[in-house]
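Worksheet for the structure shown next.
Letters A, B and C mark the chains as written, and numbering starts fresh at 1 in each.
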Amino acid sequence: MNKNSKNLRVRLPALIFILELIIVILYFCFVTYDDQTNALLQNKTLPLENSLYQNYTFFADIQMMIFIGFGCLLAFFRRYGFGGMAFNFLVATFTIQWAILVQGFFQFCYDWKIHLGVLNLINAEFACAVVLISFGAVLGKTSPVQLLIMALLEILVFSVTEWIVVHYLKINDAGGSILIHIFACYFGLGVTFVLYRPSLNEGHSKETTSYQSDLLSLMGTLFLWVFWPSFNSALTLKGDDQHRAVLHTFIGLSASTITAFALSSMLSKNGKISMADVQNVTLAGGVTVGASVDMMISPAAAYVLGVLGCIACMLGYKYLSPFLARRLRIQDQCGIHNLHGLTGLISTFAGICAILVASEEIYGPSLYQTFAYRAPPEGDPHLAELQKLIPDLQAGLGRSAKEQALFQLAALAGTIALSAVGGLLTGLVLKIPFLAAPSDEQCFDDELFFAVPPDYNCVNGPQDVWSYVLKDTSKTAEPE
Amino acid sequence: MNKNSKNLRVRLPALIFILELIIVILYFCFVTYDDQTNALLQNKTLPLENSLYQNYTFFADIQMMIFIGFGCLLAFFRRYGFGGMAFNFLVATFTIQWAILVQGFFQFCYDWKIHLGVLNLINAEFACAVVLISFGAVLGKTSPVQLLIMALLEILVFSVTEWIVVHYLKINDAGGSILIHIFACYFGLGVTFVLYRPSLNEGHSKETTSYQSDLLSLMGTLFLWVFWPSFNSALTLKGDDQHRAVLHTFIGLSASTITAFALSSMLSKNGKISMADVQNVTLAGGVTVGASVDMMISPAAAYVLGVLGCIACMLGYKYLSPFLARRLRIQDQCGIHNLHGLTGLISTFAGICAILVASEEIYGPSLYQTFAYRAPPEGDPHLAELQKLIPDLQAGLGRSAKEQALFQLAALAGTIALSAVGGLLTGLVLKIPFLAAPSDEQCFDDELFFAVPPDYNCVNGPQDVWSYVLKDTSKTAEPE
Amino acid sequence: MNKNSKNLRVRLPALIFILELIIVILYFCFVTYDDQTNALLQNKTLPLENSLYQNYTFFADIQMMIFIGFGCLLAFFRRYGFGGMAFNFLVATFTIQWAILVQGFFQFCYDWKIHLGVLNLINAEFACAVVLISFGAVLGKTSPVQLLIMALLEILVFSVTEWIVVHYLKINDAGGSILIHIFACYFGLGVTFVLYRPSLNEGHSKETTSYQSDLLSLMGTLFLWVFWPSFNSALTLKGDDQHRAVLHTFIGLSASTITAFALSSMLSKNGKISMADVQNVTLAGGVTVGASVDMMISPAAAYVLGVLGCIACMLGYKYLSPFLARRLRIQDQCGIHNLHGLTGLISTFAGICAILVASEEIYGPSLYQTFAYRAPPEGDPHLAELQKLIPDLQAGLGRSAKEQALFQLAALAGTIALSAVGGLLTGLVLKIPFLAAPSDEQCFDDELFFAVPPDYNCVNGPQDVWSYVLKDTSKTAEPE
């Protein structure tokens, strides 16, 4: 087989079947039911108190974001709709299966078994979102073989990072601004840095949208927008924390949305709104509230975070992304650095501020539930007093606000480092021959990997049709 | 700046930034957490009993209706898809932010603060639906600057009306037939009356659909249809009231749907079904059950209401709308008077009938929960007897069925008056120059306010392409 | 009226109005509220314990599958999008109304009334799914009059079959692999066998997709995929059974999805992925886990079932469907035999295996809840011992695992027999003249029954446009 061949006929099935074999063997050996799904443990519990009912809505909402939201959003290229939507489908599905194993090993494992329930699925969905965000950096420039390998490696690096920041550094990041967005961003940038294609800096003839693809992509944005409150609140504490997370996410997204329309018009010479801005920049607020989404930051602060995130994201699209492409060899296809990196950084620092000002005056004794590691350690008399107010309060590490803030910073630095290095190494792996990587001309083109329908060559209207006419009528005039 | 200029580059950002500044200042001064979202008040409550869990599903479902349902439905014009979907996004987002404040002032305000929880968001969503329905009357004929101003003013008038009919007149209207649908309809008609464009009565070349836009719009209809039970039941009492509201809405919509197909075929010379009917008239049943949706009207009555609403709506589209346009200068772009006005009137009278026949034989003591103002007043011995059966029954106003019915009529009259006058005045405001209103030729055209993709001029197939061919080949023959 | 006329102007309204009259009379006479929706019975219950809250999410999710999932999936033909989406809308709506009555008679009837609550709606949704699956066998080849008659008769046969297998044979089939998928498949094949059109075996010019229709159809697949866990778990026992059903469905679908991409590429000469495979075969896993979805089969087994179902489904599309069409006169338009028949058979046998190995060692005393008919009968001392562990355990029939397995086989045989015979007879009914059946040339063409927008004749790009050019320029060269 020619190492430059793009024929997937052997490579894709071979890779998938090998991965499936590994997965099913590992599932068979190591994956079992947790105590909410094991029939053997149910005769003492009330069925309607099963953890399924507390989590199912959030699980299903995030599924909508992953498969339909991302799927439609990534279908914005006029001739890469199949690649965007179907590869998103393939990669997301594989990623969640794989993450159930890898995260399961780190977080849900005892007695030599990974115990499976819907909460594992939610965690795996978060990991999947990471991979799909990174996918945005290389959209249209990779083969499905490369994408599956990227997902395989990214989940490994992500799960290690997750264990470090959540279980070792023990940070607060309910909406995943550090762990999801920043990780995904710098990993993706690492990959795209290695996969740099100089000729693409001049643009590419198929790197445009069509009227229908723009509408489809906007629909994807709307699905992400509508369900983002579920995403940001899925892993908070139940009760008022989760309720605040929903409110803050909604407010933050609202703010970034109208700001995006304003800036899009303002930064355009003829004042016309760009659909790319409506598809991407409107979502910035969902990221910027992420790290403080369950804290008592006030609705006004959530609003301001939405506005700030939008401004940073828009300026990034207009000025930073071109700079990164030309000067630093980082071709960030979907501008993930603007929507997830810059906003993630803003969110992290907002979270740190929120942590620094958090006190018992604002939160009451719930402070030590939301900030679990600030709870007094076992044996501390303050713990006993608090437990009179909140009987099931867990002992913590007795961290001060400043200490917690420092851990957040450590997590940020560690995440950026691990993700960037992981991305670079993964990019090197993806450069291995025989992975069916498209040539420069073949990028952004469904015809490379999909059987396309008969009208494929007319998905852009008169230019394409005109070429047929011209061939035959030998006219030289171009359409207006 | 030329007062006829359509360049949004200054006006749109200026308006949005001013609005945002006002909103964030008001949020900072006046919006705080309610007792379900304030961490300080949680140490005595069970997290899983937080009001979030009773309301979140309905909140998210109505979000789907607003952003995706309306967004796709309003994208039916072949060249106004961006305007329909993106302006819906912009207006809905601004409206909910603004309604949180205005409704908050009327309904959720104590101790000089608006107390925010997910219930506020649901109420704001209802207000947002009002604005989006009114938007349908002027779709394609306004600028986003005009739309934001319309939303700003409409929410003010709406919130006053809401306070009057819900809290002062104290009516029963769980599905919002009077308050949402009738208000939105007559407000929108008031606006469009003032914004009358005589030349549009002859039709407009871009006032057609395309094959894809018709499918997209039908998808929007389906989203609205699927989640309408959540909309109609979101603000009923919990329990059997909400359960009935779900059933009635489903049955009403089912009935209007199949009736719509029947009438569409029957009223068409060649028996062919019109997609506009499938997109709009099928939804009539959701409105007609609205005012009585939580009452014991019987499933058969819900069915009949669905059929009646559909017939009225269809006849409205076929005969009334053209009449309103030609004789009364009311160019109702999406036919909102048929889908929301006529059906809202039917619903109101159905609600009055249901109120008149309601009795303790049918409802048992729950009568005084569903019809809270019919409960005996404080001190009445009948109240004490009822409270033995329903311990948490609240005292009411002791209204008779006839009295309640009269209040419903008063609310209807008041709503129509306030909304129509509000709409007319708002229309006058929207005629102010410098609001970038499109000229007649520029209506229904995304190119005015959006940067359009390269294939924009071929979104209608051969007519457009043919014109390119003709220019160059100087052929005179037209395509068949 | 010409018996070959396709004009729906009289027939469709006549049929719909007659059906509506029957339905509303039957609703008036026989349909009332159940004890969760009747206000008269509420003063002793807690509102938040209303059965609505346990079922509403699942009801709404399956609505999404029915109206949006199926609606988009069936819109894959380039010129039958309206037919696919709108006829799906019409048929689904009618079917649920009708199923409420027919299933209500069999399952929810006492005191001469059908007692209505949201659980009836969920059961009716399942019945609706049956009809929509069968619709897939005849998509594009029938009129809406024929479809409504098919739905009318299919629900009758289905409800009888449902009563037999669920209430008489008393089988375990939580995900409906036997009752829904196998029934729907063989009924649909029976219909299409009778409605055989020899000339369609050579293909049909409009039997292709377009770029946009392929994307729309894939979106439908994604909606079905995301909500399938709700479908498979909607009628399980609450608690761990439902939790397992969600997990197994997710795992099964994941496995079949990635396997589908692998096989699609592998079985294609140039290794290119077929969108038809991505739209259909990826869903196979949801069916194959169906019969054992609430059992303790292990996550690995769910994975394997997903892979097996996918392989069977793909081989069916590639080899069996063409064989059925050419040799057995069964033109299975959407390949429902692959996605529902073959997979349903695999699921049934997997369910039988799971039943045979089920024991108290694996399930504990919950065994007799999941397999209710294996519980000891009234009076059996073993029942009393079990009831000490599970106080509300119901008495059963004392069946052994082998007996239960035999009943499953009996149900399979009975379902295939009843559905096939029912389908054949229904097919004969559909051949009655005056039902506006399309001629062979008129198949797969929206223009027959819908008023189409101006760009309808250019929905396939250059071929169509080129024909315009050729007519006028008299060129002979074809586009590439």
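Criterion: a residue touches a chain if its C-beta (ideal position, glycine included) is under 8 Å from a C-beta of that chain, and two chains touch if they have at least 3 such contacts.
Note that the structure is predicted; figures quoted are calculated from it, not measured.
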Rounded to the nearest 5 degrees, what is the angle of the rotation that puts chain B onto chain C, matching CA atoms?
120
Interface residue overlap between copies chain A and chain B, same or different (over half shared):
different
Express in whole angstrom the distance between the two chain centres, defined as the mean CA positions of chain A and chain B.
33
Going through chain A residue by residue, note those that touch at least 2 other chains and give them in order.
57, 212, 459, 465, 469, 473
Residue numbers of chain A touching chain B in their complex, please.
54, 57, 61, 78, 208-215, 218-219, 222-223, 225-227, 229-230, 237-244, 246-247, 250-251, 253-255, 257-259, 261-263, 265-266, 268-275, 278, 282, 296, 298-300, 303-304, 307, 362-367, 370, 389-390, 459-463, 465-466, 469, 473, 475, 477, 479-480
For a test of understanding, state which residues of chain A touch chain C in their complex under the given definition.
7-10, 12-13, 16-17, 19-20, 23-24, 27-28, 31-33, 36-43, 45-48, 50-52, 56-57, 59-60, 63-64, 67-68, 71-72, 75, 81-82, 85-86, 89-90, 93-94, 96-97, 116-118, 121, 144, 212, 216, 449-459, 464-465, 468-469, 471-473
